[in-house]
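Chains: A, B, C, D and E, in written order; residue numbering restarts at 1 for each.
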Amino acid sequence: MKESFGKLDSSSLRIAIVVSRFNEIVTSKLLQGALGVLRRTGCPEDAVDVVHVPGSFEIPLAARVLAQKKEYQALICLGAIIKGETDHDRYLGSRVTDAIGAIGLEFGIPIGYGLVTVDTAEQALDRAGLKQGNKGADAALAAVEMATLLKTL
Amino acid sequence: MKESFGKLDSSSLRIAIVVSRFNEIVTSKLLQGALGVLRRTGCPEDAVDVVHVPGSFEIPLAARVLAQKKEYQALICLGAIIKGETDHDRYLGSRVTDAIGAIGLEFGIPIGYGLVTVDTAEQALDRAGLKQGNKGADAALAAVEMATLLKTL
Amino acid sequence: MKESFGKLDSSSLRIAIVVSRFNEIVTSKLLQGALGVLRRTGCPEDAVDVVHVPGSFEIPLAARVLAQKKEYQALICLGAIIKGETDHDRYLGSRVTDAIGAIGLEFGIPIGYGLVTVDTAEQALDRAGLKQGNKGADAALAAVEMATLLKTL
Amino acid sequence: MKESFGKLDSSSLRIAIVVSRFNEIVTSKLLQGALGVLRRTGCPEDAVDVVHVPGSFEIPLAARVLAQKKEYQALICLGAIIKGETDHDRYLGSRVTDAIGAIGLEFGIPIGYGLVTVDTAEQALDRAGLKQGNKGADAALAAVEMATLLKTL
Amino acid sequence: MKESFGKLDSSSLRIAIVVSRFNEIVTSKLLQGALGVLRRTGCPEDAVDVVHVPGSFEIPLAARVLAQKKEYQALICLGAIIKGETDHDRYLGSRVTDAIGAIGLEFGIPIGYGLVTVDTAEQALDRAGLKQGNKGADAALAAVEMATLLKTL
C-alpha cells in the first residue's frame, strides 16, 4: 500500500493570493494569516503575488485569470461573507464556493479555500485570528500541502 | 511581493448594462446608481450601452449575447427579486447568480453583480439608494475596478 | 448612450411551447395564457407548436430537442410544481429552473420561464389566471420581448 | 398550431432500468411498478435490461454508461432516499436529481425519474404502491411517453 | 429480461483512496473501514494507494488527478464535515458531493462516496464504526460493486 502526503514546504512554489476588500477588517487579517504561513513554510517573498478584488463575487474571475497563466503552483482565495437581513449571502456563498472548486479542477491547480461565511461580524473575526484560528492561514496551509502532494502523484 | 489593484477609472472602457424591468421602481434606481458611477469614473456617455430585459430570469441570456460580442470590457447586471409567498425567489436568485458568475468566467469579462435579492420591498428600496447604499452603484464600481485590474494581470 | 428594448410583436416569430400535464388544471390555464399573449402580439397560429410532456422533470429534454432544431426564435416552458409532504418539489424546482436557463444560454434562444412553484393548489391557481395574473402569459410576454430584443443587439 | 403528444406504447422500445438496493423494501416495489407499466404498454420482456446498483449515489454513473451505449430509447432510474438525522439526504437528493437530468440532456435520451425523496419510511412506502401511487410506475410512464414523443418532433 | 449485478470481489482491481485529515478521529476510522472491506473482498495490498489531503474541500482535486491517470478501476473518497455555528458546512457539503459525482461521470470511474456530513461529533463517530456502521466501509463496498458491475455492462 502506497501512501502519499503533501509537505508544508513552499520554498519552491510560486503562489498567488486573491483577496477581496469587502469586510476588509476581516479579510486583511486573513491575508496576514496566509502570508504568515507562506513565510513560515519557506516561500520566498518575491514568489508571492497578491491580487485585490472588490468583493467575494469577483474572486473567481481573478482566480481563473491567474490559473490560466500557468505561472503558479497554487492559489489562495480569501473573502468574508457576513449574513445580512436577506438571502444574499447564500447565493453568494454557494456561487463563490462552487466556482473556486471548479476552477481548481479545470486547471488542476490547488486553491486554498479561505472564504469566511458567517452570521455575525464576531464570528468572522473569530475565524480571522481571534478565537477559532485563522481561515486565511488554514487556506494557505491547504494550498501548500496540496501543491507538494500533486507533485508526488 | 507584487500587489495588484484595479482603478476606479472607466474613461477607456466600453460597458454594457443589462437591467430588468420587473420591480422597476427598484431597478430604475439601480440603473441610476450604476450610470452615476460610470459618469463619475470618467466613462464617456457614448461608451455605455443599456439593454432592458423583462425580468431577472432574462438577464443571463442578454449578458451572454453581449459578452460574446467582445466589444465591452465589462458588463453590469441589475435586477430585483423580492420574496413572495413561495420559493420562486430562491430558484430564481440561485439560477441568476450562478449564471451571471459563469458567464463572467466563460468569457473572462468582469460582470458587476447588481441583483437585489430581498424579503420585502422596503429592503429592496434600502439597497437602491435609500439607507443601505445603492447596489447598482456598487456593481458598477466592482465592474470598473475589475476591468482595470485585469489589464494589469 | 444606446438603449435597447424588445417589442411585444410576435408576428414574425416561430415559437414552441413545452407544457407539462401534471397538475393539468393549472398548466392548461398557463397554456391558455401563453397562447392568448401570442395571439394578441400577432403570432400567426401556424407559427406556434405545442409539445405536451408528462411532468416538469421532462420539460428540459423537450425544450432542448426543440432548441436544437433551430426553427424557433423563442420557446416557452410551462409547468406547475406544488409542494407536497416532502422535499421532492425542491429538487425538481431547482433542477428544472437551472436546466431551462442553461438551455437558453447554450443555444442563445429566449425561453419564457413559466414554471409555477408553489406551496398550495390555491397559490397555483392564483398564478394561473385567478388573482395574481397568469404566469403562462408572463412567460410568453418575456419570450416575445427577448426574441425581438436579441435581433437588435 | 401543431400539437405533439407521446404515446403509452413501449412495444418498439428498448429500455434499461437502473435501480438501487439501498432501502430495498421500497426500491423493489418501485421496480415492480416500473416493470408492470412496461408490460402493460407492450414492451417485450427481452427488450428490458435491469441494472442493480448499491445506492442512489451510484445511479447516475450506471445511467450514463447505459446512455452511452445508444442501445436504449429510454432509461428509468429508481431509488429511495429517506431523511435521517443529518443533511446527508439533501446533498444526495440534489446531486442525483441534477445528474439524472443532465445525463438525459447530454445524450438526448428520456430518463424516467423515479427517485423517492422522503422524510419517513412510511412516506416512502406510500409512494411505492401503498397510498400515493407508485413512483416507479410513474417514472416508467414518463419514460415511455417521452421516448415516443421525441420520435414525433 | 437481463439483470446485471456487481460482485464484492476486488481481487483484480486497483483502487485509490482519498482521505482528508480534518476531523481525523473520524476520517481515520473511515479509512480503516474502507481498507478492511478491500482486504476482505480480496484486494491485494499493493493494489491500494492512499492519498492524504488536508480537508474535504481538497478531496475532489486529488480524486480528479487520480482519475486522470486511468490506473485505477475505482476511487474511494473519505471525509467528515461537522456542522459548526455557520453555514460553512453546507457550502462545503454541497460542493464536495457534486464534484465527486461529476468526476465519476467525467471519467466513467466508480467513486465510493464516503463523506460524513453531520451535525455533531457524536453523529460522526456513529457513522465511523460505532453505532450506525462505517460509511468508509460502505463507500468501499459501493466502489467495488460498481467497478465489477461496469465490466458486465
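Here is the rule we use: a contact is a pair of C-beta atoms (placed from the backbone, for glycine too) under 8 Å apart; a residue touches a chain by one contact, two chains touch by 3 or more.
Remember, predicted model here, so these are calculated numbers, not experimental data.
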Query raised in the report: subunit D and subunit C are one sequence twice: same or different residues at the contact, by the over-half rule?
Result: different
Query - CA centroid of subunit B to CA centroid of subunit C, Å - result: 25
Query raised in the report: Any idea how many Å lie between the Cα centroids of subunit C and subunit E?
Result: 41
**Report entry** Sequence positions of subunit B contacting 2 or more other chains
**Finding:** 94, 98
Query raised in the report: From subunit A, heading first to subunit E, what order do the chains fall in as you go round?
Result: A, E, D, C, B
Report task. Please give the residue numbers of subunit C that touch subunit B in the complex, ascending. Result -> 1-6, 83, 89-90, 93-94, 97-98, 101-102, 104-105, 108, 110, 113, 115, 117-119, 123, 141-142, 145-146, 149-150, 153
Query raised in the report: Tell me, which parts of subunit A touch subunit B in their complex?
Result: 35, 45-46, 48-55, 57-58, 60-62, 64-66, 69, 85-88, 91-92, 94-96, 98-99, 103
